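Same chain, two partners: chain A is paired with chain B first, then with chain C.
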Partner chain A sequence: MALAGNIRAIMQTTQQLCQQRYLHVTAVASRTQAGRHRATPRRTKALTYEMANPPHYIAHRKTWNSWNTSNVMGGNRPGETAVEDIFIRRFMTGTWHALFVSDIIIKRQHNIIRIAGLVQRSLAQRKMYFLIGYSEELLSYWLQCPVKLELQTVASKEDVIFKYV
Partner chain B sequence: MSLFIRLCEKNTRIILTKIPNVTASFATTAKPVDIESTEFRVLNLKSKKVENTRKKTRRVEVPPPRANQMAVDQDWPSVWPGPKTFHPAVVPIPIRQGYSLRDQPPPDKYGNTELMKIPNFLHLSPPAVQRHCEALKKFCTEWPVGLETEDKCRKHFPLEVITSDYCYSSPTIREPLSRIVTLRVKLSSLSLNAHAKDKILRLVKDKYSPETDFITITADRCPTKKQNLEYAEYLLTALFHESWRVEDWESEKAEADMEYYDWDKNKSRTNLLTLHAWPNSPTDTDWECIPHVEEYKIAVSDLFNTGEDLHTVNKYKEAVKNVLNLKCEA
Partner chain C sequence: MITIFYFRTRRYDLAPRFGCTARSLMMRLQSSLTTSTTSSQLTEEIQIPNRIERGPTDILKALESTISRDPTAPHYKYHDDPYFIPQSNITKRTYALAQEAGRKAALWIREEHRDVFQHKLADPPIESFMPKPVYTDKSQVSENTLLNVIKHGQVTEAINIYKLLQGEVSTTSKQALFELLCYTNSKDPINKDFIEERWFRQVSSEVKNTWKNCLEAEELFTFLKNQDEATAAAAYNTLLRGLAKFLQTDKAWELYQECQNKKVPLNAETYNYIIQTVQFLKDGSLEKKQLLQTILMDMAAQGVQPNIGTLNASLKVVSSLSQNFAKDLARSLITEFTTIGIEPSLASYYYVLRIFCQEKGPTNNVLSEIIQELEGKELKVQDPMDTFFFMTAMDVAKNHLHDAVVAERLHGLLLAKDNYKFIGDSYKESVYFRHYMSILVETEPLEDFMKIYHTLVPNIYIPEPSVMASILYAVEGNPPEIGRELLPQFFSHMVMFDQLERRNLVTHILELMRVHCRPPPNSPLHAQYAESAWALWNFIQNQRENKLRKLQWTGDMLGNVAVLSLRGDQFDRMLQAISFLTKDQTSVIGTPNIEQIDELCNACIEQGHIAGALAIIQYAAELGHQEASLMARKVYNTLPLTPSQEDKLVSLVGKEVLKIQLSVNKE
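Let's look at the complex of A and B:
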């Protein structure tokens, strides 16, 4: 009799276990870190204006680095534009190795792509002119549209430092 | 083999002496070892300290900004002829842009990426716009005589074609939405009689707006704009001719088939005429000379067409009193 009672109790608990649902809930991890720079103990980390303003200041204190109509409402080919922009950025950082001191700005007007940015003057003028022609020629061949490089030079990296954190 | 190694060694040493700055780090590791005298490599436990010679960046001589030498009365449209990214050395204006830190002015124009990102209108100065207009003037033609006002334009060209063109910053010029064509025409501008007007309204249904008197035809089923425009024109033509056509069965329409109350074809009219001509037999010619008959006709039609409510019933009451001359003089 005692055995039967035990069995019944076990059956009940197993049934309860099966019926209950165990949903594990943790605290909300609403951590936002992207595009934000942490302060160093002695405030030695140099930031440009772009880096000093976190992403939520876009359209308030700073603007977008890519200007196009693909991402407006009803814009066409947003995916292709994004991939092309990534390709342009990679190509430019690789071709102008350690020369860009700002982010690469890509502005599209009709079928023209304008690439702008700040470049250090650590390269001879002739080499820089060669690189401009080289980049324009290759990119316009790959992207099948006119590409224009509109660069600005600064003497060194120190010229674009906005603040230290 | 040894000869080969020696040759290599020689070559590297020659290069090293030529460019000491560039390959300074290699020079420290590749210590000249006389391979011919000792067969084994020598392990240097106490390495000689070499001063860290960093590659020095060569300062490029840069002339002062062009903007400093610009004349005050220079021709700006020829300095900045077309759309271009902002360049501080070309624009002689002390612009600043950006959110400044505390107790500091906003970032100036040199090395300012914010100024490079935003679209500028430096190529659209008033003199430049004026020159554009002057250049375009020779392509313009005289405004046609007789189309001075909007009303005249609408009278002579009653058909309106509405299409959309889309301009995107992308290499493609295709946009599926640009195929849609809307055709608009006023019903009053079409020459239609009562029958044709009634028929066209039945055919277009909700495409006619009674407030504006416009018939709107939208075509978007074809892939191109031209095809859609031709289709819309075809639809309008077909509608017009179809509404003018009178089928044989239309004459068989009896009073029971009428969709609205027509007083002229109904019993009420004959009754009134009979009553008016009593005791003679009624004549159909001079019914319009009966006093207050127009008011009575409108009142009866309203009562049937819009339905019975307080307003129409009161109107009918007044009309009956007038037509039967029952109104007591106040």
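Let's look at the complex of A and C:
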């Protein structure tokens, strides 16, 4: 009887183990990381408001960086629009070297592309005006539609920091 | 159906309110509806208006006409951010041209790397976004490309294509090219996309022969004049206009004689250009007048119908005549042209003003009549000189008539309808507003002037130093109560418009703050004045060493800064100014006047600041002011001095002065 009782006990534990194994859901599989910033040990990483809010807050706490109707049903040129947006972002960050302190917002309406963002005032006004004229004109030639810049300036980079992580 | 549904849904709140059922209400409404429709059907028929042809941009123009210029915002060519908004005339110009320079750089890159800009995204392709094609071989070009290039006014390109085609084009194309070359003087005109460059361009008033001899043009002319009669006549007309336009007058006149001998028919435009050359061909007024009449008679003999250009060209010649010829001739010309149905344009009025309202001549009120004539009319651009009218008219209103009412009416005319397009360019605009503001500030009460000042400054117009000077004189001419509040604002505007370098302005405004507009005691304005004065101190002290037009301290300015700081309870700043005055005497031009020194000294005595008082007395004594001894006496009597300070006082004004006072006191 003692043996039978022992066997039953063993059976029970193995059964429990099996059940646990089968029902286990791994933490790794549910991990989402895109658009989230990992905290540093001393909380020294500066984030803008846009960076501080993870993607699920889009349309709740923050908005999109690209505004267009390409991706709605029956939208026009979705792929081309995405590639052009990447081109515009790279062109702007390169041309306005170390000047943009926010993300570049691209808004498309009809045939007009409006490019918005925050720049810091580390360059004289007339030089910025030169860059405005240059970027608008060259992007117009490249994208073959009117391009307008809608910039706002901030005194320094620190002005756009929302929090440190 | 919709009405029934609507009333059914509203039944519950309608019924109790009106004390009737919903059904009866509905019936009443329906019956009234039917009766009204039948009665209207009986009385009038619906007339569908004819379709109005609209251009592609008409809707935009209609929308644009609903908004007027907002004087509180900077011009829309500037970026909407505080950092990017220009604050002075120089920055307005710099920012706009910098942006255009950027556009030019982009254009240059596109032309340099034309191979990578060949993609076609837009459908149909938009030519303006594509690089201009370059033609190097005959197979690439045809007569059509030549005509297209001519249509867009690309001179160099047209010559290039013509050379590639080796002249194998039809006679009409040759004539078209010849016209282009003569019209543009074989030079590429400024790209019409660069509006800022045209707006800020300084047009030199120098009149001289700029005609460029172009080999192609000469070849074309020799070819064209040997063709059939009509072609030859067109060629003669074209060359004559070109020569006359670019003031190659002798040649133009020779050619004109040749045309007359060969009986080549000339048209009205050609005659207009020939008339313009008269003032360069003859010297005396009588000769000019005779020649003008000869040409006009010639026109009549040939049966050429004159147009508005003829009137303007003739008036231009007349305006260069001496007074006694000009006025009668201008009058007869205008009456004669009006009888044949040619209304004067703005350019004609511009010449009329130049003829009748000369600075030395007697006052003539023709401008009021012109404004009377133009008010309420739709003005059309008819002549390049139309843009000179408003500038000159305001000049006349200010310098000839000295009449603010006329100036106001003229300004009203400029703002009416679409007339602002006649302002011309930035130079003419600023001259116009300079005269406008000066006449207003000289004649209108200061309060009324300030209303206009606030609408125009700084977004539409920024006053030049001369206008600022007359504003300050107006403040001086008005009772101090009015000017008092305005001075800090004018000062901050002077800072904004880079006018602190102007010594006359700075001296004047400080003097006004100290004397004329001195606020009553305990007024908060004292603190504001002190801040303005200290802003000037900082500006002058922080000027760069190697600056070209450095503003130097004058004794007067420094004295005023000290006095204003003192009145604003900034005693430390006053002492700083005094110590600068006494120590750096070499870098200060002139000396403060005795009133200022007196006030400063009294302040030091009141505050019990012995060192400050002694420094002032020393300075006054060195300058040899009589009052130094009075001040010394006052210090001696009121302040407790240490022996060394007493000694110093004695060494400055002498023992006797103090002693006299001592003895007087003892008695």
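Heads up, the rule we're going with is that the second predicted complex is superposed on the first by the 137 of 165 C-alpha atoms of A that agree within 3 Å, B and C clash if a C-alpha of one lies under 4 Å from a C-alpha of the other, contacts with A are read in each partner's own complex, and residues count from 1 in each chain.
Operating definition for what follows: contacts are C-beta pairs under 8 Å (C-beta built on N, C-alpha and C of every residue); 3 or more make two chains touch, one makes a residue touch a chain.
Small disclaimer: the values here were computed from a predicted structure and weren't measured.
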Touching partner for A:Glu136 - first (chain B), second (chain C), both, neither: second
First, second, both or neither for A:Lys163, with chain B first and chain C second: first
Which superposed partner A:Asn71 touches (first chain B, second chain C, both, neither): neither
Touched partner set for A:Lys127, first chain B, second chain C, both or neither: second
Dominant contact partner of chain A by residue count, chain C or chain B: B
First (chain B), second (chain C), both or neither touched by A:Arg114: first
Touched partner set for A:Thr63, first chain B, second chain C, both or neither: first
Contacts of A:Gln152 with chain B and chain C, given as first, second, both or neither: both
Which superposed partner A:Gln144 touches (first chain B, second chain C, both, neither): both
Residues of chain A at both interfaces, chain B in one complex, chain C in the other: 121, 125, 143-145, 150, 152-153
Residue ranges of chain A in contact with chain C within the complex: 121, 125-138, 140-145, 149-153
Chain A-facing residues of chain B, complex: 57-60, 62, 83-85, 87-88, 98-99, 101, 107, 110-114, 116-119, 167-172, 175, 177
Of chain C, residues touching chain A in the complex: 79-84, 91, 94-96, 98-107, 109-110, 117, 120-122, 126, 129
Touching residues (chain side chain A, partner chain B) in the complex: 48-50, 53, 57, 60-65, 67-70, 74-77, 80-81, 102-103, 105, 107-111, 114, 116-118, 120-125, 143-145, 150, 152-156, 159-160, 162-163
